[in-house]
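The structures considered in this document are given below.
The two complexes that follow have chain A in common; it is paired with chain B in the first and with chain C in the second.
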Partner chain A sequence: MAAVTVAPGGSVRRRVSVVREFAGISVRNRLAVLIAGLSVLVTLTDAVAGGRFPFLPSPLAQNLVATLAPPSLSHPMGTDEYGRDILSRVLAGTMISVEVTLVVVILGATLGMLIGVVAGFFGGTTDEVLMRVTDMFLAFPFLILAAAIATAIGRNLTATIIALTVVEWPWYARLARGQVLSLREHEFVLAARSLGASRRRLMFRGILPNVMPVLITQATLDIGYVMLSMAGLSFLGIGAQPPAPEWGSMILDALTYQPQAWWYALFPGLALTITAFGFNLLGDGLRDWFDPTLAGLRGDTGPAGP
Partner chain B sequence: MLRFLLRRLAFVLLVLFGITLITFVLERVVPGDPARLLAGTRASQQVVNQVSKSLGLNRPLLVQYGLYMSDLAHGNLGISIVTRNPVTHDLVQYFPATLELIIYAMFFGIVIGVLIGVVSASRGGKTDVVGETIATTSLSIPVFWLAILLQFLFYSRLHLLPVSGRLNPGVSPPHTITGMYTIDALLEGNIPLFLDALAHIVLPAVSLMVPEVGLVAKTVRASMLEVLGRDYVRAAQAKGLTRWRVYFRHALRNALLPAVTVMGLEFGLLISGTVLVETIYSWPGLGSYTDQAIASSDYDAIMGVTIVVAVAYVVVNMLVDVLYAYLDPRVRLT
Partner chain C sequence: MIAVTSQQRGAELLAIENLAVSFAAGQSRVRVIQDVSLRVGPGMRLGIVGESGCGKSVTSLAVMGLLGRGGKVEHGSVVFGGRDLLALPERQLRQVRGREIAMIFQDPMSSLNPVLTIGEQITEAIRAHQRARRHDANARAAQLLQMVGIPAGEAALRRYPHEFSGGMRQRVMIATALALSPKLLIADEPTTALDVTIQAQVLELMGRLVKDAGAALMLVTHNLGVVAGMTERVAVMYAGRIVEEASTPDLFGRPAHPYTVGLLHSLPGVQTRDSDLVPIPGMVPQPGHEPAGCAFAPRCRWRLPRCWTEQPQLEGVEQIAGDQLAAGHRVACHNPVAPEEAGPGFPIRALPFVPPPPGITDFTGQSETAQ
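Here is the complex of A and B:
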């Protein structure tokens, strides 16, 4: 290994350092990377294979002679009321969940960051107006907003994405504004300003790059929450619609067959819990990394230097 | 203080205005006919037109909104299509059940969460890993799935706890004092009734409590870690106070401040959770009411719930700020 590390090839050295990095982090963080990586991998595989997983039955294929079959070798997670393979559906559900969640978090974070940075940077009336609007949206009960949007544009995932984005952005706006306000007073920004840097340069070169790490951490921490909310909306019947293999709507369908078909509700919920858990751990790891004071007495190390 | 309250009151009005406007516009652009729903599917077109006229649905949107707001100022929130009662009447009837559920969930969520957070931060090492894992897990379990699992486990398998409604069938509720059955039964001194109500609230409250535990534990842990290295904590330790006295009397008091703010902001999360939990446990509260209203596009009911929840949210956060100022004398309310 040591010989490889001193080899002149930059890319080789880089790869080894990634492996080392992975070996050096705590079990918790390794688990986080593993679960999050796995769910993204499943998503990509599903996307490449056209919404289904290789070597498994299609998530929509019905088999009316094997309805509500308990877990067995041919159907490790059993089948549902149409004889569809629950394992295929759970895997296909990963794709829906990860895709929708990432879209919501990225949209919400970007929108919130723009509004928060503008409010913090310009201050005064702009700040006051933008922040009051932000507070107003924070008071909006998300389920009801989602319901209203769903009745307006139809009960589907687009409505879910809009509703969750509308609920997500205010948190980022507040966070970004707070960051900008404290960064504005830092020496390096003051120094740049006294050297005659333009406002644009101050904003894009001085402040934005320093707001990003906090926002990225927050976004990662939010993935789990958004995933659960999205499933909750589908569970109430205002998100994904049958026959889409979405975890929340699978659990809703399973309600009719409780308690006999226990596997029907168990596995989609378990998949949801594990995926959310992985992303939550990943967010915690990132947060500890950027802000080592929170790592506690565990001894993880953060990035070196300021 | 007075200035602070006035500012907040102005904010409540702003929130009311904004939220009703958004909900109103979203609802009214819907291709659906509330007049038809209210009149019934077999009513003649003439009757539908009459209902539409009496509801003011044939007027311009802006006029409709103005009328709604003037009704709202008079405490009239319209009539629910589902229950056919005035929405105000429904809200008053269903609110205590939800409040009862939220109080239990919040109280135990905060107590357990604070304990986990304090122990995690102060013990460190393996204890911290266990505490953090519990907290993260509780934030990763979907509330509705947990509710179904608990229902399955405690009812279908163990036959231990009831899983539907607020009381056993045939049991008549206590006289309405607060509307919260466990409290009313105690006030009446009716212990069997109290136990019945308590048994019914356990599972829904636990389902609702779980994410709360994780959230509180994480926030308390983070702020405890910030506080533990401070001089006054060291001084307390140096004086030879017992560990628990240092942690709970000296450190926690200061560590609770940020936690209190987070709990206030997350009140909205709890409200959304009640819709899921109440639906599963047939708990006759605002959550079930909302679910019904959503399912049948009951505009006035949805609007009524939205207003109640938004106002409750603003009021809770105002109380949080007052509490904050009380806990930390350096904070001035402006």
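Here is the complex of A and C:
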């Protein structure tokens, strides 16, 4: 008889191992977790404080005596042409960027996943129609299509969110469909059907959980990209409108005062770069975490039994 | 004998009648199984044996209605418990799958969903058919794992398939398949992917559980040794047709089809020396490229001239040999192996030299020796 070694009190062990696994990522990707954590913290503080940070001037407060002041103790990142504190504007910009990006990525990934899974699972005409529509969207240059849609709807953040979602979902649809096509041929799908699983059950309980990790990883990797695209739209004057403190539009405004007021463009740009980079690292970490077959490699759960 | 009479009265659980299945190959369709008729009585164990590609698995998938894209039943019927499964709509067929007929697949590595826990997969099978609360389904799943020899059921339920070895995964598959006490279990090469020592354990377990549950078993395998210990009847398939069918002792005691004799002589035992193994020369013909007559003729040392042109029908052996002992023993062969030839594994009668028709390769080596 095959002996099986399952530790007694498995539930406790499992809970501990989840914590240890998560700790595992943070140790390996300290920077990623630090940046992502900070971004979320800043966003939350901002939301709680109603757009104001403790000990900092309001991001909208003008001070016409100190316009375009270089970094100093009272304004660590300097001021802009209206004398607004760039540090508080950069921090407030984190909230806008993180919020818009998360909404776009979640909407786009969910929509794309549903369309892709349905196309891959049902195949035939359904697949053909859905994928040709997807191709139509993919055939347009990403940013130009987003700009066109945002301009058509209206120049504000809601329009930016809609526009970016519309250009985001086709990538997820393609990815999800490809995953489903390969998963569909796996023996466990046949095995599930032989046990009487319905198509709907098979799709949601059999295939979807296998597609999710890949899409979530892709989504996390996409956060940086979407953040940059959003800043790009604002930079083109389509996204956030003045006086909203958005990184892209701050860089646009700063252009006029280059190269004298170097701090004006540098700090929003730096914030954008670091945040996007941090979320990319986080995506790498999450991919490892989501793949249960890598669990053994982390050394906490080895294969059991003979 | 009792089993045979009850079958004749039509009390069988599963009756496959003249089944033919084709698959799409480009623009045309290729027949992969033809004229397959099989009967499985309640609680009976039937083995289906043959080389890879002979249509064993297709037969079992056709019974489940799981041929997939491109596969099509050309004609025939599959009657299970009085209903023709081939005529059932998908919704009702789903009620049969898992609850009345369950299936175990060859590769336990890939037949479990990698991202669901063992517990989720077993309860999934239960909840697909019964309204069971999660708690009750879990308790049942733990009980099933205990039954297949995986202790600490509760904790094992929370594990993922990759944490289990091949043998344990196949035990999980058996537990899942037997979760709803099906009347028929189809096992498609259940132990081929496992180590020999584990094979024996898993087979013993499967045999015992099937017997305890009073279920019938259809065991699909290329391994005659597995069939010998596990089944009461055996059907031998070659190139999509049943070439011989008999009770297990009968088939091993006096095989009548040259292919069966070949299979038996390809089976090494502990006592066999290399020189005792007689390989079957050549290979299985590609589906769609079989000779007009018997598909085994190019590899057969018993062949007659009519074997090239005339498809042999499955006939009772007693009609050919006049032997009452061989009741229920059927063979599709124009020149069945005589009982005294089965031992040595080659013809001892004087048989005429039969050259192959043009375009057909002769694998027996007769053409060369004759020249």
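As a convention for this text, the second predicted complex is superposed on the first by the 259 of 306 C-alpha atoms of A that agree within 3 Å, B and C clash if a C-alpha of one lies under 4 Å from a C-alpha of the other, contacts with A are read in each partner's own complex, and residues count from 1 in each chain.
The criterion applied here is as follows: a residue touches a chain if its C-beta (ideal position, glycine included) is under 8 Å from a C-beta of that chain, and two chains touch if they have at least 3 such contacts.
Being a predicted model, the structure only gives us computed values, none of them experimental.
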| item | value |
| --- | --- |
| First (chain B), second (chain C), both or neither touched by A:251 | first |
| Partner chain(s) touched by A:132 [first = chain B, second = chain C, both, neither] | first |
| Which superposed partner A:259 touches (first chain B, second chain C, both, neither) | first |
| Touching partner for A:71 - first (chain B), second (chain C), both, neither | neither |
| Winner by number of chain A residues touched, once chain B and chain C are compared | B |
| Contacts of A:148 with chain B and chain C, given as first, second, both or neither | first |
| First, second, both or neither for A:243, with chain B first and chain C second | neither |
| Partner chain in contact with A:232 - chain B first, chain C second, else both or neither | first |
| Chain A residues contacted in one complex by chain B, in the other by chain C | 293, 296 |
| Residues on chain B engaged by chain A in the complex (per definition of touch) | 11, 14-15, 18-19, 22-23, 26-27, 29-30, 32, 120-121, 124-125, 128-129, 132-133, 136-137, 139-145, 148-149, 151-152, 156-157, 221-222, 225-226, 265, 268, 271-272, 275-276, 279, 290-291, 294-295, 297, 302, 305-306, 309-310, 313-314 |
| Contact set on chain C toward chain A in their complex | 64, 66, 68-69, 94-99, 102-103, 105-107, 110-116, 124-125, 128-129, 149-152, 154-156, 158-160, 162-165, 167-168, 171, 173, 176-177, 198, 201 |
| Footprint of chain B on chain A - complex, ascending | 28, 132-133, 135-136, 138-145, 147-152, 224-225, 228-229, 231-232, 235-238, 248, 251, 254-255, 258-259, 262, 265-266, 268-269, 272-274, 276-277, 280-281, 284, 293-294, 296-298 |
| List of chain A residues in touch with chain C within their complex | 1-2, 4, 6-11, 14, 123, 186-188, 190-198, 201, 205-206, 209-210, 212-213, 292-293, 295-296, 301-306 |
